[in-house]
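Just below sit the structures, each encoded as structure tokens.
Both of the next two complexes hold chain A, though its partner changes from chain B to chain C.
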Partner chain A sequence: MNGSRYLSSERSSFIPQDTTGDAVTRAIVMQTVAGGQQQEDLVAAKNHAQWVANPPLPPNEWVDSKIYSDEGIFNEELEKIFKKVWIPVCHESELPNAYDFRTTTIAREPIVIVRGADNQIRAFLNVCPHRGMIVERRPAGSFLDGQPSGNPKRMTCMFHGWQYDMKGNCVFISREKEGYQDRLCKDDIGLRRLRCEVKFGGFVWVTLEDNPSVSLEDWAASAFSCLRKTLDAEPLEVFHYHKAIVNTNYKLWHDTNCEFYHDFMHYHNRVTGFNDAYFARKNEAFEHGHIIVGTFEVNYDKYEGFESRAELSFPHLPPNQWYMIDLFPGMNFNLRGSALRCDIVTPLGPNKVMIEFRGLGLKRDTPEERMTRINHHNSIWGPFGRNLHEDLIGVQGQGTTMLPGSEDRHILLGRHENQTIHDENGMRHYYSEWAKWMNRQASDPSKPYERPAAAAAE
Partner chain B sequence: MADLTSGKGKPPALSTYSASQIGTNIMSWKRICGSGDIAVNSLEKFNVDGIDIVVANYGDGFRAFPPVCPHMEEPLAETGVLVRCVLTCTKHLWAWDLKTLELRGPAEKPLKTYEMKEEGGDIFAFIDQELVYDFDEEADDPDDDFFSKS
Partner chain C sequence: MENTNIVRDAIYRATMLLDGQKWDQWLDLCDDDFKYEIKSWSPEINYDMTYLQLDRKGLASLVKLLPMHNTDHSPLTRHTTVYSVDVAEDGKTAKAVSSVVVYQTMLDGINSHIDSGESRLFLVGKYIDTMSIEDGKARFLNREVRLENRRLDKGSHWPI
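And now, the complex of A and B:
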């Protein structure tokens, strides 16, 4: 096992240990192979040459696991994708008052998002132009009050006391004249402002690209069209936040959000869902690599202890619907009738991703409604919910087999079921988009992107 | 009766005193604390009928002023240091001579003060309305074409 080199590390607990039975089975197969008497039609297990051979599917129906494990490809993804596209960074309800802020990162670049005195939300690189210090170190808070090293209504770099207003203008340089005379002044200095818009249900979107290839509206409007009326009907509010740092590649998390075939792992989804309406749910692809999985009515009362969520349905929706919107390159909006979940991924390394989970309800909820909504959200998606940990086990298990340096594997996404829920067209669509941004083929990243022939296109 | 000699924190609400007790016009002269309650070269913050003030003992007397620096609203009770009659806001070094109220260092605006007096071992400030500063509003610059500037 090539995983043996990790046995001395903390990861050793994740390496599956052979049971005696497995070891015996493998030994018999190896003997057969060594003796040259293998009969392929009778031996399902594979020798190494068979194991690494291409599957009997066209190249757009599998990817090379190098795209999940290679450090160089990871760094390239940050440059070519994450620094170029629109990323949702938080929800406007997390900055309810003037001078509220949140900090985050996109592609290793620290970012601060603030609500100004004029109620506008703006985003800046959270970097002082003086000596490269991070300006604001807290995850969230308010600039309204002074701090020992901060100032009311200003962003203050605590290192040398330079200060910026909520529009990113430099308003103070300590002992400016004494040190810079007339050679440099406040007007020469400012934070780097980033494009920032509030859209699609009040989410705050930022891009590091001053001149993005498409507007935010054009980037995601088609994917959001199924839920836009619902999400924009009235103000939403975040009621749940937690984050997980998982030893896996961010795309594996997104894959899990894009494919429902893994509902075989989710007992809850099987008993509340597996029926004709479930298998008819459409898996639709949209421009820019986004996909949605269409809705159906979930039978929550089929799962012991659960009940219908009809009374708290989001606006303009029939009862107990379940929509899923997956945005390239790794964001997910998941509406189960009464609660909206949003996953935002921040890739930290080829085998490490931070996933931020938010739960949202209607801002006007009464305390009782909010408690019910939180219960609906957390009983499935909370850190101790019915489904979320199963998804995390899935992607962490994949991460365990795809550590940097591990042997390249074929990861299959070749199911065709008339673009319904267990079709894997969503992932194929995603990797076709990934290939364009990266100029690499997902099935063989050493080769440049080739536009698929019209006949082969989905 | 509240302890008037500790000199720390907020004094009791003014309504707990009668006009004869404080011996002055209850509508505007407000007892702040005892004369010995604020150490020389120190600043204390008080709330007088809902109005925050800072009182400084500069050795030769007392000054009472709004709780924020006129520069950028820094909380003077925390950011101010008082040495040899000069109050300096340590955030950006605006400073004033508390005896003459002259501007010192890079200060560009005067310190607004409440009139004060000592009487019978107590200090009083004349507070008939809250003193406030006008702070610069952020410029309302139009955002069109911001990202295409070179």
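And now, the complex of A and C:
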């Protein structure tokens, strides 16, 4: 380990060399550098009272860090939000054949997704109604094969051998008559079925709520409208999966996906992005707390070793576009020209989140095309890619300062830049939705939600 | 030295150079046509995944640009054991399979006051190497790092 290696003179080239000709970039980067120096000279550090005082911004422009660290609020979020909304749990290509299954979890409830003989994808609680065993333990597989305690084409609970068909009906109870006589029969038993739909590019959406307040279509169609034609043009296929479990709050991960101001942290994005078109990208807010970040053309070849993605653009898109769809309460669809990324958060505690990362291409890709897409995806977003590592260090660092029990503080979301890329209106929009579902103000969670005054609305 | 030992020696040298982050010296052990891949089989999506794929030029760019990136600098220590070396009949190439376990000794990744100095298991996998043997020297033609891990948490900017 050689620490000094990272303090080499190359570090001083903070201003991306290749974009210094661009007036906007130069102005903004120089301002930042100069601003940093000025601050040191002119602005005093704060004592405790000053540090905890409200910032000179309206209360919808900060949140109380308690919403990231409080166990009670976390449990309430699972009940009031995660058990009520539509969650994309996997992609249809992960269950290509009849009897294929995939398991997942929403709000601590284990779930199994199966493709029936009729090709329909259905979702059930992965819980045996007998004595509560998890029915299927594997992450994925096929029910075509028999199990040590069950038959082919059945979901079998290994514990006492009860069996269920692909529609969740109980079709076998071991020694049924002997034990239950006529008091309980198979018809009285069944798996708990969940609402499940395949939509928006073939993702499998599930909700634990039998009567969701809005249909899946109404829940997300407006946010997906920028990419719907592209994602629904032809079947997609997942080629990448990995997960991270990070000691941070799930909303901090979603915030990172919603704000692009942190591109200052990504050398790759500074050199390939910072230009007039980048700074003109709009954050657009949609009903139900979703946002999108509009597209522009990325100059991948400005980063040594990278190439243009024009050849393999997703259907109906001009070359090298970059769209970002952020769905409340923590799902993200990110299309960089040739590869689609989807992040799904599973909150595990106020300070613990699992993030599942998927990469997708077109199902009809040739092996060569697929490999190119995989490389495009991984060079930035893979576990050994340039940006994802930086994003995860960032949210981990926030988690480190917001442990349960640490002092509550203000987290600012107050940037206004005409709703362009470094405006923080996306996060403000998210937290106004969060406040409604939770009936709490994000800036002071002890207070009930108040509809914002018209002037303060985004 | 016997050919199997030459191959073994090159794999162990590569391990030490990678641990020492002597990226250029590591690349000196590699052929101009060197191909590097990090792969993993995912039972979740039933797919043989590629996490990283680079040729020698791509690797050279990657290591050159490392100082421009924000990185978890917690050093990695690879424990490599060469399991098998199969030298081709003509003695010019060899295939070697090694077990590799990578430990991460925490430095600046989380809260250094609490974690720094603690070693954690980071990666478990194999090196599947193809080597050329010439004039008593082995060079890497191909390295596949085959990981078991699909939970990778913060991941890494560094070649493994």
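Quick notes on this structure:
Heads up, the rule we're going with is that the second predicted complex is superposed on the first by the 414 of 458 C-alpha atoms of A that agree within 3 Å, B and C clash if a C-alpha of one lies under 4 Å from a C-alpha of the other, contacts with A are read in each partner's own complex, and residues count from 1 in each chain.
In this text, a contact is a pair of C-beta atoms (placed from the backbone, for glycine too) under 8 Å apart; a residue touches a chain by one contact, two chains touch by 3 or more.
In this text the structure is predicted, and so the values were computed from the model without any measurement.
For chain A, the partner that touches more of its residues is C, with chain B and chain C as the two candidates. By the touch criterion defined above, A:N75 lies against neither chain B nor chain C after alignment on the C-alpha atoms of chain A. In the superposition on chain A, A:R193 makes contact with chain B only, not with chain C.
Of the two partner chains, chain C is the only one that A:N247 touches; chain B does not reach it. After overlaying the two complexes on the shared chain, residue contacts for A:S308 are found with neither chain B nor chain C. In the superposition on chain A, A:P383 contacts chain C only, with no contact to chain B.
Contact with chain B, but none with chain C, is seen for A:D165 once the two complexes are overlaid on the shared chain.
By the touch criterion stated above, A:A140 is placed in contact with chain C alone, chain B being left untouched. Under the contact criterion defined above, no residue of chain A touches both chain B in one complex and chain C in the other.
The touching residues of chain C, when paired with chain A in their complex, are 21, 38, 40, 42-47, 49-54, 57-58, 61-62, 64-73, 75, 107, 109-111, 149-158, 160.
Of all the residues in chain A, the ones that touch chain B in their complex are 116-118, 146, 148, 151-154, 161, 163, 165-167, 169, 171-172, 174-175, 193, 195, 210-211. Here chain A touches chain C in the complex through residues 1-3, 5-6, 8, 10-11, 13, 93-94, 102, 138-141, 238-247, 265, 267-268, 303-305, 358, 371, 374-375, 378, 382-386, 388-390, 392-393, 396, 400, going by the rule given at the top. Listed in rising order, the residues of chain B touching chain A in the complex are 68, 72-75, 78-79, 91-93, 137-141, 146-148.
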